[in-house]
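One chain, chain A, appears in both complexes that follow, with chain B as partner in the first and chain C in the second.
Right, the complex of A and B next:
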């Protein structure tokens, strides 16, 4: 029974991936992509990776979907692509490329099947007591490979900086609303968004959750508020926005470097305060991720508001 | 007692699936956006309620039941709002409701 479900899931994912690339309109492609993200989240749940499922559902499907829709709003309306008949030699070429690409996939599959054991789970669990935190995933993210996570935050920060350098962002535009129900819903749901983000942060210490899903939920709440007419100052050039966006990477880097002063190695948390430090980093990172994603959404809405 | 709970749970699940099915058929077969919304939003709300009730009977825990209730309520509110937004946007774009 479970096998039937997994097979259906895999087939649906392949179909949606195909639709995402070959749909007749961009709108259909975006919707297919968002559904694809949701099914990927489901696949991660089936693989017992709840953390990644949470992050995928919130980031891959939710926030990315909002960004894609905002980008779609800036494009001129497109005509429906007519299905052209492809020439036989083009089909042959496509087939040849497909076969060429199949070879590395087969090689990868062979390599995966050759792997001994089931990943690094046993090693992580064995050294979990040294990490001073309950959740193995958070231990990996904030302790065993903390510098990778810091660099991920810096990459996100650079993305925001690059987007800002492309031009000034307007303050949030007053959206056109066909019905008064959206602001009412937002008033009702915004506290729930904040509560969920806080819950995910708190839960990251001992279970699935953490800064990335929490930040994505926070950003989703902000985006919903903007879409229902909440006013906020333009992010770029605003000191408050800059501080909030830098908070996570800054706190992370300060802890990493600060322990040097106390006589420890770079990124070596002092055992007595390790848990506290990691929770602090997690909270700062979650807030920053939320505001960074919102800033990206602001930038995507920018030109749209000036055109209308 | 267990048999009774399992039977009730199964019945609710089947009912929910039937409503999902009828909503999907409506989405595919109805003539315009308004009738499709009508089919989808009503049946989905009902079907989700049935399925949540069925799962709540199986969960055997008050906390899980409350979480299922919360999910159902959130989806109901979000579904109603998004349906009204889609319908409002369609009217504003000049889509005339279908008439026989």
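Right, the complex of A and C next:
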């Protein structure tokens, strides 16, 4: 029964992926892609990867979708291409190429399915008590492979810098959403967003959750608030924004370097305060991620509103 | 032949999804469509990594790798979108309307 559900899910994912690339209009393609993101989040749940499901739904589908919609509003309509008539020998050639490529892919797939690795699950669980943290995934992210997570934050920070550098300079608030009930609704919902973000942050210590889903929820709250007329300083060039955006990577790097002064190795948390340090890093990272995602969205959107 | 389980099924799906993405990447013209195709390729690789690496109990290492990957993919997409918008700025319709 479960397998039937999985098969239907897989078929729907394949169909939506195809639509996400080849749908008739760009709008349909983006909507299909967002739906694809939500379905793949379901697939993650089926694979017992709840952490990834949360991140996929919040970041992969939600934030990416918002960015894509912001871009759609600024792009000229896609030129309608006259359907090119493909000659039959070209089609035959393409088919031959497809078959030639299919053989190594099938071979690789067969090899992947034969793999007998047992993974690192046992090792991680064995050293979990030393990490002072309940959730194995959070332990890998913030302790065993903490440098990956630091670099990941730096990648995101670089993306914000690049997007800001490319954007227009004219800042503007966004009073263009004609929805009279939105401000009242936002006033009601904003505390719920904050609470959910805080809960996800706290939950990351012992289960699925953590800084990235929390940051995404926080960003959703901010975006909604600003879209419904809350006044915020324009993200770029504002010192407060810059500080909040750098908070996470800075706190992380300071902890990583600070333990050197106490006589430990780079990124080796002192056992007594390890849990506390990781909670601190997680909170700082969550706040920064929230502001970074908001900045990414408004860097994409602001240009639009300043020109209309 | 390995038994047909959810993991096998999703591994196969991941391969097909990558095919769809790669085909879209080479066969579409519009930059945004190519970006969507690239994102489908990325998701396919994540799915392959977790689905093929799952043997019995859950392994947190691929999960952490995919979580990192999702964030990197999001950052890449954001930069790509701003580049696409920047390139098309001169070609906006004069009324600046929402033509999709």
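Basically, the second predicted complex is superposed on the first by the 265 of 308 C-alpha atoms of A that agree within 3 Å, B and C clash if a C-alpha of one lies under 4 Å from a C-alpha of the other, contacts with A are read in each partner's own complex, and residues count from 1 in each chain.
Convention: contacts are C-beta pairs under 8 Å (C-beta built on N, C-alpha and C of every residue); 3 or more make two chains touch, one makes a residue touch a chain.
The structure displayed is predicted, hence computed values, not measured ones.
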| item | value |
| --- | --- |
| Fit-or-clash call for chain B and chain C when the two complexes are aligned on chain A | fit |
| Touched partner set for A:133, first chain B, second chain C, both or neither | neither |
| Contacts of A:287 with chain B and chain C, given as first, second, both or neither | neither |
| Which of chain B and chain C A:192 touches, first, second, both or neither | first |
| Touching partner for A:225 - first (chain B), second (chain C), both, neither | neither |
| Touching partner for A:42 - first (chain B), second (chain C), both, neither | neither |
| Most chain A residues touched (candidates chain B, chain C) | C |
| Inter-centroid angle chain B-chain A-chain C after superposition on A [Cα, multiple of 10°] | 90 |
| Partner chain in contact with A:34 - chain B first, chain C second, else both or neither | neither |
| Partner chain in contact with A:181 - chain B first, chain C second, else both or neither | first |
| Contacts of A:10 with chain B and chain C, given as first, second, both or neither | second |
| Smallest separation in angstrom, by C-alpha atoms, between chain B and chain C in the superposition | 11 |
| Footprint overlap on chain A, comparing chain B with chain C | none |
| Touching residues (chain side chain A, partner chain C) in the complex | 2-3, 6-7, 10, 13-14, 17-18, 20-22, 25-27, 29-30, 33, 36-37, 40, 43-44, 46-49, 51-52, 55-56, 59-60, 63-64, 67-68, 70-78, 81, 105, 109, 112-115, 117-121, 124, 136-137, 139-141, 145, 148-149, 152, 155-156, 158-159, 162-163, 166-167, 212, 296, 299-300, 303-304, 307-308 |
| For the chain A and chain B complex, residues of the former touching the latter | 177-179, 181-182, 184-185, 188-189, 192 |
| Of all residues in chain C, those that touch chain A in their complex | 2, 4-13, 15-17, 19-21, 23-24, 28-30, 32-33, 36-37, 39-40, 43, 46-48, 50-55, 57-68, 70-79, 81-86, 88-89, 91-93, 96, 98-100 |
| Chain B to chain A touching residues, read off their complex | 74, 77-78, 80-81, 84-85, 87-89, 91-92 |
